[in-house]
Amino acid sequence: MSSALRIALIGAGRIGRVHASNIAACTETDLTVVADPIVAGAQDVASRFGGEAIADPLAALDRERVDAVVVASPTPTHIGLIEACIDRGIPVLSEKPIDLDMGRVDALRPRVARATSPVAIGFNQRFDPAIAEVHRRVIAGEIGAIEQLTITSRDPGPPPAAYIAVSGGIFRDMTIHDFDLARYFVGEIDEVTAVGSCLFDEGAREHGDYDTVVVTLKARTGAIVTITNSRHSSYGYDQRIEAFGGKGLLSVENVPASHVSVSNALHAGARGPVVEQFLERYARAYANELDEFVAWVRTGASSSPTFTDGWAAQIIAEAAHRSAREGRTVRTDEIN
Amino acid sequence: MSSALRIALIGAGRIGRVHASNIAACTETDLTVVADPIVAGAQDVASRFGGEAIADPLAALDRERVDAVVVASPTPTHIGLIEACIDRGIPVLSEKPIDLDMGRVDALRPRVARATSPVAIGFNQRFDPAIAEVHRRVIAGEIGAIEQLTITSRDPGPPPAAYIAVSGGIFRDMTIHDFDLARYFVGEIDEVTAVGSCLFDEGAREHGDYDTVVVTLKARTGAIVTITNSRHSSYGYDQRIEAFGGKGLLSVENVPASHVSVSNALHAGARGPVVEQFLERYARAYANELDEFVAWVRTGASSSPTFTDGWAAQIIAEAAHRSAREGRTVRTDEIN
Amino acid sequence: MSSALRIALIGAGRIGRVHASNIAACTETDLTVVADPIVAGAQDVASRFGGEAIADPLAALDRERVDAVVVASPTPTHIGLIEACIDRGIPVLSEKPIDLDMGRVDALRPRVARATSPVAIGFNQRFDPAIAEVHRRVIAGEIGAIEQLTITSRDPGPPPAAYIAVSGGIFRDMTIHDFDLARYFVGEIDEVTAVGSCLFDEGAREHGDYDTVVVTLKARTGAIVTITNSRHSSYGYDQRIEAFGGKGLLSVENVPASHVSVSNALHAGARGPVVEQFLERYARAYANELDEFVAWVRTGASSSPTFTDGWAAQIIAEAAHRSAREGRTVRTDEIN
Amino acid sequence: MSSALRIALIGAGRIGRVHASNIAACTETDLTVVADPIVAGAQDVASRFGGEAIADPLAALDRERVDAVVVASPTPTHIGLIEACIDRGIPVLSEKPIDLDMGRVDALRPRVARATSPVAIGFNQRFDPAIAEVHRRVIAGEIGAIEQLTITSRDPGPPPAAYIAVSGGIFRDMTIHDFDLARYFVGEIDEVTAVGSCLFDEGAREHGDYDTVVVTLKARTGAIVTITNSRHSSYGYDQRIEAFGGKGLLSVENVPASHVSVSNALHAGARGPVVEQFLERYARAYANELDEFVAWVRTGASSSPTFTDGWAAQIIAEAAHRSAREGRTVRTDEIN
């Protein structure tokens, strides 16, 4: 067996720590360097999971024998870091979105197309065991071709107003995951219709965003995808998928926080709420995502989402943004 | 207690028989006359559930001491029979839709507005015990104001092509129930966006109809309603509702055909499929609908859906039909 | 088709009314006479469901053209009425138990063995659709031979102390149903071990009875049956069965009172409690029981529980009673 | 914070590896030495999780600065190692059972009573998150006092005949866990009644053991415990508990191997089977068990099961063994 991949991690925030922990736990990877302008954060991560802590991300790429890079820094830094990795021929796994400015994303496309090293985008939900299982069973023909795909995603609570101000809006920030899942299950999307309301979140209202949206996508196959998003949920992190075909329905169900149920004067066999946090819900997904990225680096082939997947999901987000504001169905080829 | 209401039933088909059975079982009603141009059908119903069998519907209204009328004859006859009942001051409960031609429905409105006797429309699903319970709990404030309402309705299999030819299309024929439920839960609807595909049913394809649709409604309150319809379902009659608010989610779940579960090498605790037929799924709803109609006739007040409810649901159906064909959001005030 | 069976109903109490309603609703049966020493009760039942009301049960049997008898009078009257029916050659369906005195039951056996007309015992639970379905699937071999059978039966609340005083004790009164189900599923029972406690019910304590029991039965096949009974249950009428074999587990699950679920800060997808009353839980079982009795009368063959089934269940009840008091396993052949 | 506890692990087999992994992952513990007569096994464990590998268990205890010992070696070695730890004043966590010979266990009791260092017994199931949650909620009074406790435990498949030959029989080997859980929930046990069959496993038949047992325990409180064991289960590792009290029922439900469900012509919303292996089902329980042992060593107080807990569970196992063979209820004070 070849020796472990030496990984440079850019970004020591919440997601960066998830990646650091997985890199340390994976027998195929070592954490070699952690870069964050807030050096104390980088040092804390390095002390727990290994590697050197530095402030300058670009310097991290140039450390001796960095075999691959994981980018978990703020969105505006993604494009620069992806370019730097391509220049150096170093494989890179970047968190989504590529950039909030679709023009900058488009501009990067030809360069990625010519790149000789992998550019993977972190749509971790594809790697959730239940979502991956449904995908596998759909591919195996268990329910026939997908006719309707229903995705429900509700966060436990809205983010701070300051975050919404720079998020690009709910379609680019939250629904983007669901757009990628839609493509994962039904392929290319032709038409996008989005409806939004702002019903409860002051931060969304203040910044002209929605807190409640429904998006309908029509796939090239004729399949219809429905995405239901809310920025709050009293019963935990609501993450469900239903894939409906002529031969059956496959569902990704919510993950209960406990396997205890209660029966009493009010309920029979009632479970507690579902898990609260996306880091808990998708813990294994992040680990599996890393495994697939390693497979790409090692073998040149994998099922990792590519730069093109990241770009395509953002095209749909642009179309949804426009649709909700203009009150009409928007074709994805209007955006591109 | 006053004596039982003497009911004239118009139509001895499948739905007519459901009404006949309920009229016979209800202690407040007697079946007095059954009218159907196919007299053998009327005779069969009368022999089982009581009353006189005749061919001519209008003659039925003029039988001595008819206290109320239930209309379960083909759609094109509805308007004429409603008018005849209004003329005679006889309360009428008519099956939906009022008429496939929206112009004729509009033309009837002023006449109904001046009517001195009840004109109820048979949106029986409002009376399903589970749907009525969710409505009651929403009104009681259990989940806060509804922010998102998700309605799934899938039939076991498509109707004959000949039926589709005269049905007015899936929105007017099938989704119409869901449009009424949407109004029942979230009130007036401002905007309608519909997406349709024809994926599996030859009859739908032949007559330019869809077999697979998703409709998104925006209510005046800002609540967003999603309706998912399919003309087939391998696992039985799929009838679910989720009402989502800031304080929780109330769900109408499918009704299993059996209370047996099996655990084996493939499954743990697996139930069989859900009930197959709408007459089985909504049996109690039809009976409760009759009770509410009787209450209206007796007391002048009830929660029965009115002619206006029937008209309003059809407005949404028209908007959905136009939206799917024109690829844009249609405001309900464009139709009216 | 032959004309409807003319039924004499003995007993106009709670169970008598259930039978009366089913006899009236069944197209194969007519209620001809209702006998109850409390004549007002008989008159009320007759006015609702048909037939003549009289006080004297024996006189009822001698009314002209009584084709069959249903006995729903108090337990001490059962044996006399069964004998009277045998004497007259009239088929009889008697509620359980046959008699609280095992000696009297034994004494009746030879007479029943020589009878030329059916003597059915009302173990209605065998006819519950879910229980009957599990039985059918076990017979069909779906889970292999039963190795363990687990029966849970908990009543919503204890009966009045006065009832317990004359009930014969929990094993003869409540567990008797489960003993019959055990025999229905695994056949002859060899050994009985019962453990009882009195934990909450003053009536049970006063009369030396248990309110909480567990009985373990060993079948001739080696299968082990566990019966768990309680005289109270905060979450409704708890009625579950698990049949375990080498190829799987078939379960009769509780019947929820509503198909609504709620998700909130405390629960996700929580149903309300199960149905409260045995008359609601087993409504269809009583109707199916009548159908099978009619089949026996009409064709001479049916799956109705026989007098021998009633006798055998009572043998087990005797053994359980003795086992709990003596703290040892009791063989059923010690009783017989 | 004090430095990490230095742990000596005795036994590098399947359970030893689980402990090694948890010791390495826990920030409060370091793996210092691994002892196994099969040195290659010890070396493999040490290379993965740290520490020195040696053959001689006693030598391991005498390595410099061993703060605590985890015993995961074969049962016959447990007593000698516990004694050696007591002699040296080193805290020890030993796998169950203490010894198959109840006389040897009794003989050890006074010595443990005088010990100055903790002697914990590895009843890991107490630390399963769901079981611990039910225990917490029972203690908090949510369901009132426990009246009935139902424990179902079925293994995926029987062990090899050679294992059964030395296991001491199903009560001492498998039910022992359930006996400890019974005491954990309802306290002291007075009476034991066990029924066993040998229905499918050649190994059990060959060695005079049962493969199918039901044990009923009567607690001093009057609560009745039912334990259902089988050596096979077609649907995975069946591990359920129901605690029933006057105010409700708390259940530990099985853990599904996947959060995907399927609906088709056979089933609606059917999950796959439950997790297969006890190491997977109880992975977190082993980690939490280690945490509690560390707490005992650090603070002198914890909820770890003690030697007395281990002894008491074995007393019940002896009583069950005798009960099944003699066909009578056995009092625990007959054994002691």
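So that you can tell them apart, the chains are marked A, B, C and D in the order they are listed, and the count of residues begins at 1 in each.
Methods note: contacts are C-beta pairs under 8 Å (C-beta built on N, C-alpha and C of every residue); 3 or more make two chains touch, one makes a residue touch a chain.
Since the model is a prediction, treat every value here as computed from it, not as a measurement.
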Chain at maximum distance from chain C, centres defined as averaged CA atoms: A
Selected pair, greater C-beta contact count between B-D and C-D: C-D
Between chain C and chain D, what's the gap in Å when you average each chain's C-alpha atoms? 42
Chain B to chain D: how many Å between their CA centres? 58
Send over the residues of chain B in touch with two or more other chains. 234-235, 238, 247-249, 254, 263-265, 269
Sort out for me which residues of chain B touch chain A in the complex. 145, 147-148, 150, 152, 154, 191, 193, 195-200, 212-214, 216, 218, 222-224, 226, 228, 230, 232-235, 238, 244, 246-249, 327-329
Help me check something: in the complex, which residues belonging to chain D touch chain A? 129-130, 133-134, 137, 142-143, 247-255, 258-265, 269
Can you list the residues on chain D that touch chain B in the complex? 234-236, 238, 254, 256, 263-274
